[in-house]
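The structures come next, written out as structure tokens.
Below, chain A partners chain B and then partners chain C, in two separate complexes.
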Partner chain A sequence: MNVKESIKNYVISELISDNQHSTLSDTDQLIESGIIDSLGIMKLIGFLEENLSVQIDDMELVPENFATIESIATMVEKKL
Partner chain B sequence: MGYLLQHLLIESARLSPEKTAVVYQDNSLSYRQLDELSNQVAHALVQQGVKRGERVGIYINKSIPSLISIYGILKAEAVYVPLDPQAPVSRLGYIIDNCTIRCLLTSTAKTPVMHELAKTTESLEVVIFTDTQKEVDELPLINLLWTDVLEMPKLAIENVSDHSDLAYIIYTSGSTGNPKGVMITHLNSLTFVNWAHDAMEVQSSDNFSSHAPFHFDLSIFDIYVAAKAGGTLYLVPETLSMFPPRLSAWIEQHQISVWYSVPSILTMMVNHGQLDQRNLSCLRKVIFAGEVFPTKFLRDLMRLVPHPEFFNLYGPTETNVITYYPVPVIPAEQTAPIPIGKCCENMDVFVISKDGVHITEPGIEGELIARGTCVAKGYWGDEEKTKKVFIKNPLENNFYDQAYKTGDLVQLDEQGNFIYKGRIDHMIKSRGYRIEIGEIETAIYSHPQVKEVAVLAIPDDLITNRIKAVIALKADSTIDAAELRTFCAETLPKYMIPEIFEFKAVLPKTSTGKVDKTSMLKDALV
Partner chain C sequence: MQPWHDPDLEEIRENYLQFAEKLNGDTPKRDLEGEFSPERWKRVADSGFLRLLMPNSLGGNEVPVTHLVAAMEGLGEGCRDGGFNYALCNQICGIQNTINMFGSDQLKAEYLPDLMSGKSMAAYGFTENTSGSDAYSMETNAIADGDDFILNGTKQYITNAPYANLAIVFAKTTKTRSPFSLTAFLVDMDWDGASHGQEFDKMGLRTVRMGELIFDNVRVPKSNILGVKGGGLRVLTESTLWERAILTATALGPMARGLKSCIERAKSRTQFDKPIGSFQQISSKIANMIQRYKLSRLVIYDMASRLGNGTSLQPHAQDAAIAKIFVTDNFIKFELDAMQIFGVRGYLLESFHQQDLRDSLSFSIWAGTSETLRNTVAKLAGLPVE
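== the complex of A and B ==
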């Protein structure tokens, strides 16, 4: 599974708790729509660090990097 | 007419009408504007037949209109009920019908959910949209637009409310599956606000943060202490809390001088907020409440941000804050949590042992009891639960004096400070939210394929507790964690949904046949 897919799977299975987003696209807004909130972001970072073995720097904790599945994947792929 | 919460605003608007009262992103209002707009909301409510003591809902993402709504409802002599903007529809519907909300203020962004609520609730009749959007998808209720509100008179409404009238109802987790509404009077709230204003020595030059959501009682400090001081309230945009470096930059940018939040948000800033790169000399007071602040992170915070005074406040929603502790320099080797401190000057607390003995010696554990004007009226429409914890003061024989059993175990230290030791029941804290384990278990049990469930609180450095559900399914069941999570989200707010779901064929039992949570917790901690 590629990076984007595994991030997407994590977001769908762990962070989305209503049924409205079962068809999440790579460019759907995650923050604006409330899919990622302050509870979710720390879980997501934990997942990225543990499962994809990347280190997220504090400097990278900005909305632009977490706006969509695509932007998260871009940030992670730069580190691999 | 008594002295009421809204008088704090009215007085500051009289003294400094052009002073900025509230700022949210690029918008702000002066005290005069906030006073006038809330008068207009009050007139609109009264015109819709809202009466003294009637419950009026607020269902808006935190913003300036939420604050206008709060004061507007109070000025109409009504009781505001702040609803969690992220709560599932069924929970919102329960609260609306539970305290018979007839009239509700909302925003056009909430229209889809409002359509469902209009269909599923019994008491809703009137909805007021608080944003300026011209096009509104009308609900099958009486719809009032913001332009209608702006046609109302700006003059204050004469009112006759008394300070023993309810000001607001805050819903918290209930052990039997439904949230319970804590009824707070003006006097209850002012008891805390007046104390906090004096004890924290706030001034009109202060910039106050408003981090807590309005359905969480930490917001009472932000809203009313800022108004009493005549300071400026800065609403923290919700998404900022997700990005600690942005949040610390926001504090610097707006020169926040009084910060109040749960510890976990401060811990996030210690760990990820780049505090060493900020100039936060603007901060005069850093105040936290709602959960235990892990000592090592608090020590780090006080090292990274050395200027302000730090205060640990303690108290349940039923009394608001009742004890406080000005935090001294914490020795490098200390790991024990800091105390919750001493009783606030205009309140009264004491400790009662399991056998009903009044404890005054250090080192002996007992339940903390609060009495005085801080104690709430009880739970809305639930006499049984009210009677259990709102009791007659056990130390007073000659007359009726209401006291509140906090359910918190404490003991005194040698300096006369209270130390928090834990709970006598199954309530836990996570990110400052109080959560009844029973409410989560009830939600999961209602799934037709669940045979047994035990919800565990796994202690955690950052957020106090993580929630884990251990589940035994019925034979031939095929559901998985994702499905159960979705199921929980239909009735529980996000912070109550278990983070971990574990499936077992059967749950371990004690020798008496009870579900053995102790052994499961032990396994979870390995």
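== the complex of A and C ==
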């Protein structure tokens, strides 16, 4: 499983609890559309740091990096 | 060896206990009058307590977190002043640790030495009149202006506010409810436009005072941001997780002290020519109190053993919330049982049991109410909690 799929699977299985986004696309707006809230963001950071073994620096905590599955994967892949 | 069986920790706890017993004196009077003791604060700072977790490079001791918990245990058991102990440990877990984790090297060097020495005291400015658990309804805002931000707003119900000369202040830097709309600033309360407002009297933790922090067009340099602009959520999450996991250890000292006191009472107090400890209604309470105390220690030392200095607690968010809920519930029930064992003598204002009971009730409120934390636990388990 590649990085993008791993992140998407995590978002769908762990962060989306209303069963409304099982067909999440890589470019769906996660924050603007309310798919992920503040607790979800922090949980996602924990997942990235623990399971993908990357460190998310404070400077990277900007909306652009967490806007979509695509942008999260791009940020992570630069670290691998 | 499990950390809670480490003889080094026992020695630290015992040393702080003996030191802290000398801090009691007029505690019941100060509790009654809601009086903070700057003189005791300085004595504790001189003991090195506020240096324990801080980096060696700035004059700290950089000890493992379990050592800090052992010191907190000893302090809380020896010193019967729950409000004072809470304020000290709040400064370590909520303020100094947060600056150490998120401050630039310049901010750490500028502010941490004075906090460690007791020369400076700080407050954690998050809660507002209409914003607590709902962080994004916050009205305090900061607007960029050149190399500064202009800060406006009022923080309420803030521990240490009446005498803090430094504050961590959360403000909205965008008007949306986005997770990236909050920013944390380190604000010197001597700056133009920063002031201390109304004070609030309260039922527990009375020897630390609570009040307002007011910011009226305060010019805050961008260099005083903790973390990054829009990164306030991470600062908030990490600092509250530390409070939930470690500040909760302030319950252990009163429980250790209360347990000794209640066992002694149950053996020495006789009714119907028998020690009251021979009655199962009393012995059952004591047994429950021992369980509550020992299990609370296990929970807190388990959390402490997972943390390194400056280490993210984020992967342990659910367990930190559970730790706070567990210790809070058990601390309150413990103190209620202690009151019953002492009867009317525990109800007297001169008794530390009634003070500990009032103090214990605050645990279900600070760093997230028990209701909010249960929501967090459920939400982190994937439930669709609003």
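To be clear about the criterion, the second predicted complex is superposed on the first by the 80 of 80 C-alpha atoms of A that agree within 3 Å, B and C clash if a C-alpha of one lies under 4 Å from a C-alpha of the other, contacts with A are read in each partner's own complex, and residues count from 1 in each chain.
We adopt the following convention: contacts are C-beta pairs under 8 Å (C-beta built on N, C-alpha and C of every residue); 3 or more make two chains touch, one makes a residue touch a chain.
Since this is a predicted model, take the numbers as computed values, not measurements.
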Contacts of A:V62 with chain B and chain C, given as first, second, both or neither: both
Partner chain in contact with A:I41 - chain B first, chain C second, else both or neither: both
Partner chain(s) touched by A:I31 [first = chain B, second = chain C, both, neither]: both
Partner chain(s) touched by A:E49 [first = chain B, second = chain C, both, neither]: second
Overlap of the chain B and chain C footprints on chain A, listed as residue numbers: 13-14, 17-18, 31, 36-39, 41-43, 58-59, 61-63, 66
Interface residues, chain B side, partner chain A - complex: 86, 88, 238-239, 241-246, 265, 268, 272-274, 431, 462, 481-482, 485-486, 488-489, 494-495, 497, 499
In the complex with chain B, residue positions of chain A that touch it: 12-14, 17-19, 31, 34, 36-39, 41-43, 58-59, 61-63, 66
Residue ranges of chain A touching chain C (in the complex, touch as defined): 13-14, 17-18, 31-32, 36-39, 41-43, 45-46, 49-50, 58-59, 61-63, 66
Footprint of chain A on chain C - complex, ascending: 102, 135-136, 178-180, 227-228, 230-231, 233-234, 237, 312, 314-315, 317, 376, 379-380, 382-385
